[in-house]
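Read from first to last, the chains carry the letters A, B and C; within each, the first residue is number 1.
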Amino acid sequence: MPGEAPMLAAARWRSAHDSMRDLLRTRARHYSLPQPFYADPGFFELDLQGIFYRRWLFAGVACEIPQPGCFFTVQIGPNSIIVVRDRTDTIRAYFNTCRHRGSRICAAEKGRVGAFVCPYHQWTYDLTGALRHAGRMHEGFSPDGIGLRPVHARTAAGTIYICLADEPPDFAPFEAALGPMLAPHDLANAKLAHEAHIVERGNWKLVMENSRECYHCRSSHPELMRTFLEAYNFQDPTADPVISAFIARCNAAGLPSDGRGGDDYRITRMPLTRNAASITMDGKEAVARALGGIAEANIGSLRWVHFPTTFNHALRDYAILVRMLPIGPQETLVTAKWLVHRDAEEGRDYKLSHLTDTWMKTNDQDRILVERNQQGVNSLGYMPGPYSQDAEAGVINFVEWYCREMEGYLG
Amino acid sequence: MPGEAPMLAAARWRSAHDSMRDLLRTRARHYSLPQPFYADPGFFELDLQGIFYRRWLFAGVACEIPQPGCFFTVQIGPNSIIVVRDRTDTIRAYFNTCRHRGSRICAAEKGRVGAFVCPYHQWTYDLTGALRHAGRMHEGFSPDGIGLRPVHARTAAGTIYICLADEPPDFAPFEAALGPMLAPHDLANAKLAHEAHIVERGNWKLVMENSRECYHCRSSHPELMRTFLEAYNFQDPTADPVISAFIARCNAAGLPSDGRGGDDYRITRMPLTRNAASITMDGKEAVARALGGIAEANIGSLRWVHFPTTFNHALRDYAILVRMLPIGPQETLVTAKWLVHRDAEEGRDYKLSHLTDTWMKTNDQDRILVERNQQGVNSLGYMPGPYSQDAEAGVINFVEWYCREMEGYLG
Amino acid sequence: MPGEAPMLAAARWRSAHDSMRDLLRTRARHYSLPQPFYADPGFFELDLQGIFYRRWLFAGVACEIPQPGCFFTVQIGPNSIIVVRDRTDTIRAYFNTCRHRGSRICAAEKGRVGAFVCPYHQWTYDLTGALRHAGRMHEGFSPDGIGLRPVHARTAAGTIYICLADEPPDFAPFEAALGPMLAPHDLANAKLAHEAHIVERGNWKLVMENSRECYHCRSSHPELMRTFLEAYNFQDPTADPVISAFIARCNAAGLPSDGRGGDDYRITRMPLTRNAASITMDGKEAVARALGGIAEANIGSLRWVHFPTTFNHALRDYAILVRMLPIGPQETLVTAKWLVHRDAEEGRDYKLSHLTDTWMKTNDQDRILVERNQQGVNSLGYMPGPYSQDAEAGVINFVEWYCREMEGYLG
């Protein structure tokens, strides 16, 4: 609970802590997790502490804040974070909380400011977070050393990640892996064409698990499956000669496409089905201008996942970035962002429904799956069940990563 | 809390457990219970464990699922249960949770299926609960021995009871008592004419207490009191010569009507007032066809209560079955089912408003009483008050049963 | 939690208790409080116990219940309290909970009754709270000694305060201080012209802190600041010769106006700005009849605050009384009551919008400030910040009072 006293929290976490540690030790591998991982408020608090307050989290895209002073806010559990471009074009992030009496400073989801002025008593911070003005304070008060509490921020090929930890884990490997693969799509010169929020009444891990397999796609996602290639060897896609030829062609066209992966991420380029050019209802590209001016046709989709908050698809004509943020033990905010070339003009170069229909339907279908999953997991009748080691290998990867992280955190 | 870890739950229940045990020991008999019994989340959790996960619970009526594959779902706290008629005409019940990743299987309240297909990954169970199909599982996976987790199900004269315990208590005495008395109303050949749900913002025990006395009827239920006989000697109704003559007449007409009772149930047949033929606004029968083709007129109502979930009235022309299921510490779902002869046709043989008006009004009046009771009980100003040992003998019976059950459970 | 068992509560409060005591010991003075004080459910429970169940609380105005049997209800956390004028014109208060099975008795916010009749089983209490009738009780039951549980009630110059403690603190000093200063406004002969409720999603202390400074007024309250005098020496207003002349004039006109204060209250009379006659949009009086028939013009406003529940302004033409009651850790009910001379007639003597517009806007502006403050305080990014010892001296006074009270309560 956000406002809980340290000692109370300590007492509660001690029990959740011991309980989670026991369950991590005794769980069956390749089985879904025991109920409390998906449902218990104490376990959720531990997830915030062990995952969301320690790992790099996808926040948004640099092209959303193209000018100095442009900002957006993002909510991590009870914490609102401001992400802003400063006057030196550096992306910075801060807790959206005034150092005076703690008021939220930016109420808007997005905007542009010259400085951050708290609406309560007009304490004013510059874009580097330093307190520049605090009116009517008593003699002896000094603004020196008072500033917005910073949050780490990094970018990778135009995507922004933040980390709330004092000492963030190494971001370089992911940046090095994603950078060259995503660079041709030139997201720095893209623009946000559409954004959609869905609140799913399910634990964030059920949302992530759902995104890590396509075992459910055939029956639940008819629109997506018009173009989306599902059946491949997840461990070694290049074993399929069609896929290996596709990857070779893309590499030759200047699109580095050999799969890369680390503990908490995985990046691959995959063809679409039936020679589809894009993930749309008709399989045709939705946007007349290619991202990054890519010339090569039929380049499939560059897919990347980064635990715990995002999975993405960059196509030739658009990219969709999906961000999953925990709200509560059984509630997750899923935000989808559609990016197109910044010179693409709605009406002339693309029709919004053509661009967004497939994923709007798909994401809502996933919401229903996740919510039913949560309902069933909440029952006494639930017990961990076996993942398919073939069709749910991606789920197993995620769950193993999660368990390792929590084991590390719990000590 | 549904998803709580075993150790957390243990820690919390230990305190609630000790606290409830103390209060059971020190409570004043024939007084309402101390506040936590009606309001505390930990006590509610103990009620689920000690009562709702151990006792037989009224679920519905066999005629609601007349064909093999017909099912309905019922929610017991966080647990959705499927009740289904299998191909051998046996009524069975299962947890509505897939053994794969725990998705809820049946979203609908009612329906008919050939098999249970989980909407997530199409795991398919036959009507006996056995897993018949699980696609794309890895080599070595066997569906043998995997099935929907069963819940005990029994019927008594066409009414269905379920029990979530591994070892259910003996159902036979209640079945033996209710069977002959209810048989003439032939509910197996009835049909559901109407069903209404009310969520009452009150603890389930306040709902049950309210149903166990008619001390409040005169002022709160003017419509019901047009026909409902209230003032009789609860301990020995036959002391009243009018009632004993009524019972003798019913017995002679082939309607066994001598009152029967056990620890957790009580069954009596009582006349109505003013020679009313049925509980309706005008005292006339609402349905042209008698249940079970009963020939005798003016047979009053067969009333039965079964703790903790139901009270009922079977009249000559219709039966109303009321089911009370706990949602939370201060929230209860009350469902009323009106049954008529299966050949009775709405419009021709009955008018729906004539059939339902009295109890629709009565049940909503009771909702208001229960909710006000809860509000007052939540106050610091509440202290247990004395039940009338005359007018509230039924409430005392219920409270004593509840306390015995919980004492037994807490050990 | 209202219905928690004593032992459970004890266990929880032991931790919250220890935790709050530590934080009270280690907090930085003249800084806002650590997060749990504004956000934690356990701390909120301690606030109820230590403040709201021990101190005098502003409930309403005697002129709201002008006749014997007139009552209103007021909600203190989970407790509904009835405030009533009895047949001897004494103001009395009771828990709004029947001594039978605990039903809430009065559902209405206001009304007039001859006796209190519980709507459940018609137990009937006279205006002194004594049980006069309980129907159908068993032999041996006696109503003697059974009555509505009393709550202490006192009045000061026509304003009503209640105390839920068995042994209330001394009310006399506040009564003695407020009495002569408020008497000329003759609230006993006023009437309620309008009442407005706002639920603010913020901790009650954030609501009170917001009311204790006008540092935020310039930017947030343009309508109020047309007439409201803000910039004065809070510690010694009379240091300003304009103010000291104003006070001398008011004193001479029979309006005792020298400031008075105690631990938990402060009373001052202050001029308005720009020779405004009242706090209205145009600075003119809204009501043609003066409260108490005060003859002197331009008498500014008599302001008084009483911790923890009220701040008020009595002007020549109207008084506004604001009551703040805690609902939950992050939710507070704010009620504003506008009083005018009882012979003033709407339409003839005042226009309602002229009377209420300024405070309606101001109170809603404050709601937004409080809610943003709560949102920011809930973040990991929050840490206690420095109050301005000049502009926020009133906030510091309140916070120091609160901490002293809780230190006393926690022992």
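FYI, contacts are C-beta pairs under 8 Å (C-beta built on N, C-alpha and C of every residue); 3 or more make two chains touch, one makes a residue touch a chain.
If you're wondering where the values come from, they're calculated on a predicted model, not measured in any experiment.
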On the document's contact criterion, could you list the chains that touch chain A and likewise touch chain B?
C
Can you give the rotation angle that fits chain A onto its twin chain C by Cα atoms, in degrees and rounded to the nearest 5?
120
Given that chain B and chain C are copies of one sequence and touch, is their interface built from the same residue numbers on both sides (over half shared) or different ones?
different
Computed distance of Cα centres, chain C from chain B, in Å:
47
Would you pick out the residues of chain C that each touch at least 2 other chains?
none
Taking the complex as given, what residues does chain A use to touch chain B?
15-16, 18-20, 22-23, 32, 34-36, 38-43, 209, 215-216, 219-220, 329-330, 369, 372-373, 375-383, 385-391
The chain C residues in contact with chain B across the complex are 1-8, 11, 53, 78-80, 94-105, 107, 119-122, 135-138, 141, 148-149, 164
